[in-house]
Amino acid sequence: MATINRSAQQQIVTVVGNKRVGAYHQILLHVGEIVKNCRPGNFVAISVGGESSKMVLRRAFAISRVSDSSQYGGTMELIVAPHGSGSKWLCAQPEGTEIDIVAPLGTAFGIPTESVNALLIGGGYGSAPLFGLADVLKSRGCKVDMLLGASIGSKIYAPLEGKRSVNSLKIYTEDGSMGETGRVTESLLEIIENREIDIIYSCGPMGMLAAITELVSDLDVIHQCAVEESMACGIGICMTCVLPVSNEDGSTSMLRSCIDGPVMEGEKVRWDLVGKIPEAHQ
Amino acid sequence: MTLPVDLSTTLGNAWFPTPIFTASGCASSGRELAQFFPLNDIGAVVTKSVMNKPRHGRPTPRMAETPSGMLNSIGLQGPGIDAFLAKDVPWLLEQKARVIVSIAGETVEEYSTLARKLRSVSGISAVEVNISCPNVENRGMVFACDPDASRRVIDGVRKTIGGDLPIIAKLSPDVTDLPAIARGVVEAGADALALINTVLGMVINIDSMRPHLGGKTGGLSGPAIRPVAVRAIYQVHAALPKVPILGMGGVSSGRDALELILAGASGVSVGTASFGNPTALIKIQNELRDLLAARGFTTMQQAVGFAHRDV
Amino acid sequence: MTLPVDLSTTLGNAWFPTPIFTASGCASSGRELAQFFPLNDIGAVVTKSVMNKPRHGRPTPRMAETPSGMLNSIGLQGPGIDAFLAKDVPWLLEQKARVIVSIAGETVEEYSTLARKLRSVSGISAVEVNISCPNVENRGMVFACDPDASRRVIDGVRKTIGGDLPIIAKLSPDVTDLPAIARGVVEAGADALALINTVLGMVINIDSMRPHLGGKTGGLSGPAIRPVAVRAIYQVHAALPKVPILGMGGVSSGRDALELILAGASGVSVGTASFGNPTALIKIQNELRDLLAARGFTTMQQAVGFAHRDV
Amino acid sequence: MATINRSAQQQIVTVVGNKRVGAYHQILLHVGEIVKNCRPGNFVAISVGGESSKMVLRRAFAISRVSDSSQYGGTMELIVAPHGSGSKWLCAQPEGTEIDIVAPLGTAFGIPTESVNALLIGGGYGSAPLFGLADVLKSRGCKVDMLLGASIGSKIYAPLEGKRSVNSLKIYTEDGSMGETGRVTESLLEIIENREIDIIYSCGPMGMLAAITELVSDLDVIHQCAVEESMACGIGICMTCVLPVSNEDGSTSMLRSCIDGPVMEGEKVRWDLVGKIPEAHQ
């Protein structure tokens, strides 16, 4: 834990872009030096509602991409779904607004030291951090394939520039309005076999992460997933965001997904116990 | 930095350089906040209530945001007192933080056991006894809601721990007669009182149409409950003017801390505000210093209970 | 307008076309709101608690805004029951509003006197008995905080008023064991319960460094207390599933009203929200209708207590 | 009471101007038809803080001026002092913001049917409604003199255009930074005598209103003042804004300053009982 959040900083930053992309808002923040410490998988916690807000908690968003070369200096991109009052507020902020962020937070995706075959699976806005991850993997010589899924086409986030680092991209929607009809798990096993996948990185709804874990449980493939639990603090002090995770000795611990996650080993998460208390089920 | 105002305070025989503390359960064991400021800069770290055995706590979801507040139902997840004393306390003392250990139990006996284990630990400033826990020996009725059970808990802790370590009894506002409960625990040996624990609340998810929290009910905290905290502190300070109070409940600015101090608090714990702002404690401490100075106070102690003065 | 959902509800033998009512003390006697919508459009007007004699109430300042809420200390200013029955009730009935008269007293006797004067008035739907008043015969202890005194008030009202007019006992959340108080007043003859009255709170003015309100303490209302209201309604509905509840506390949208209904409320009073928005009741009523329809309810009654259903 | 607030309406309106004027903000709202029913003395109640606001109550502001001829159609002008969180929020709203108002509320200044000599006395932003009043009085043939006071010069609100309808304008500041040093009550009795004043209209801090009432109590001059009590609802339903007012029979009633005011007869207000309970003092 000593290394987690070591470089987290609280800072007032400026919104320098806010663009609708399908069902989401692509929000660009001028964050300066912070970008140096952001790794794919890390997230940012944002104060919402302004000074007279009745919302007392920060909102967590995956860092979709950071850049240090643009006209603005260090910038951070977020892909935000207008869900409840806080995310809607964020999506309504025009360029120039100052917002209070804490970043980077949480664990990052592990990057293999050798060049391997990686499969990146994103659900909804869960694809956001995967394009940055793809860049890193490609620069390490990995082959990167990507599967994206969502209920409807407007919830697929797949920016043109993002596709550069990806060898192949396959899209699934449940209503068939974009790509193939169905879910990302549809032909997952074949894809893993055909493309000789060594490692899977996934990010999306908990149900998707659980389904992937289940499917690959018998295979010799690593699965790192970025989980999403309701968070009050994002920095490890409230214990609201816990998930049941297996220990070496077979026992289960309730780990904080904000500092022991969001990136976790899929097979270690006790998906069957999410929302339950381990004792009663051991 | 020069201190225009002497912020120091005491609770029983424990001395603290400033009255701004973390609130139990809102700073974990301290490590996570140390990333944002030196723990030595604030008055004290009040640790998460620890029980005798390790504990998983309640199922998720464990929180719901509410207007100007939040509900939590963590259920006292923790490593148990032995692991806590072996790992967390030494680390905090290494940081030169003042440490107040919060303990919680399900039986009067468990509190005494915890006290016995604490007795031999040196370097701790005080023990906070969180009695807002269900009493398994009395149909799960919360100790703090039962004058007799609260007394017995504090009596057990006092007898076990001996005379040195200050005991701070933390009370629940969910009672008909708070001053009566306060009087009882003071008679039983509490040196100070912590006011207030969270207010019992509930949120129903209008989509699932069931209670939102895994534990159904939860504790309401944050600015929403500040008027309840101020009233509780004022009432108890009026009834027991000599008993120091560690106030808490919705403090998120120096203004709020001053409000609790004027009502009668000698120290102020900050809980929920740290979730929204990891450096809230430092901000509050600085604002408080300025507000006290602007009002001509040279020591924080002069302001304690000042709202009770005669015309 | 067609009603996709039957919003009607009952409290005891009183029928109301919709479950959205004003809250006592938050609509004066009705005239002032009639400027903004026809009083006949909502379920009922619950009038400001009236006492036997005219009364000036508490000194100003009488209010303080707090995060997502407010404190008030009006102190039951009013014209007294005689003037009220002569002037206000006839006017409300002329508007074809359903009228629930709220009464308050300082002694058990005063409540009975008020009930006697009400008995002969025709056209009233129900009487709400506000027992969150200091009992002058018992050191000013609030009736609603004393199981025995609350019972005696309701018993007196029941005996005086006879069997017809539904009695709604309005309870305070500031008690250790709310279901016990609820059970007591139901046994004494209450047909329904109103939950919750305001939560006791206080604000200290950091400039004068004294309690801000003229009456020192005040009642906390508004969205800040909604989780407390939901918990209270849920708890009491679980304990007394057959007793209808008029829920209130922080309702300012259809979503909030639905939350209280799912917890167990058969009707919902709207108080503080009208201060921020004179047409809040109409907005809430329309939103509630849509939310019920979207969830497939054909009558409001189906949703009452729905959050308690078995898995 | 039947006539009070008869024409009050709740409406979403647009901010079309926001300009700093000394210590205040001059805020212009496009309100349309409402202007027809606004009289000098009436006030407006405004929702503050936006959708996710923790502020649950409206804020009351005197209607400084309305106009039906400008480029915007019906507009309403307010003079707002950034005091606490709500008024600061209002002062920070740029042009184009939509805000929720209820107006016109409360009683208006009584306008004499004959032409008389009127003295208008304003304290701080209390001068705001007096210029509109001066216009009306002048159009009725009255002679209008005005005294304005404040602690410092930047808190004197006296717009150039406003002075058109005023015969004379005298300014007092406590620190002497503008006009004469002192308070508006300084030479009040002489002014009343010299200018043969028939009626005084005052608006400002309660202390000023009380002092004027006291000074003129023995004179044969009418004194109408616009009071300012802390208000929760502004429409008569909460009973928080009460003031002790004498009845014909000598008894005292606690009247709501939002609907029985803000304009009241100065001599009827029991200034000595403000903040007390009448019973204890009769």
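List of remarks:
Read from first to last, the chains carry the letters A, B, C and D; within each, the first residue is number 1.
Simple rule for what comes next: a contact is a pair of C-beta atoms (placed from the backbone, for glycine too) under 8 Å apart; a residue touches a chain by one contact, two chains touch by 3 or more.
Note that this is a predicted model, so its numbers are computed, not measured.
When the partners of chain A are compared with those of chain B, the chains appearing in both lists are C, D.
The minimal number of chain-to-chain contact steps leading from chain B to chain C is 1.
Averaging Cα coordinates per chain places chain A and chain C 47 Å apart. Chain centres here are Cα means. That of chain A falls 56 Å from that of chain D. With centres set at the average Cα position, the gap from chain C to chain D is 35 Å. Shared contact sites, meaning residues of chain C that touch two or more other chains, fall at 67-69, 222-223. Residue numbers of chain A whose C-beta contacts span two or more other chains: 54-55.
Viewed as a contact network, the protein chains are fully connected, with every chain touching every other.
Those residues of chain B that touch chain A in the shared complex are 25-28, 31-33, 35-36, 48, 56-63, 65, 67-70, 72, 74, 77, 214, 222-223, 252, 272-279. Across the interface of their complex, chain D is touched by residues 67-68, 223 of chain B. The touching residues of chain A, counted against chain C in their complex, run 54.
Contacts from chain A toward chain D in the complex involve residues 48-55, 85-86, 89. The touching residues of chain D, when paired with chain C in their complex, are 1, 5-6, 8, 10, 47, 54-58, 100, 102, 229-230, 232-233, 235-243, 252, 254, 259, 274-279.
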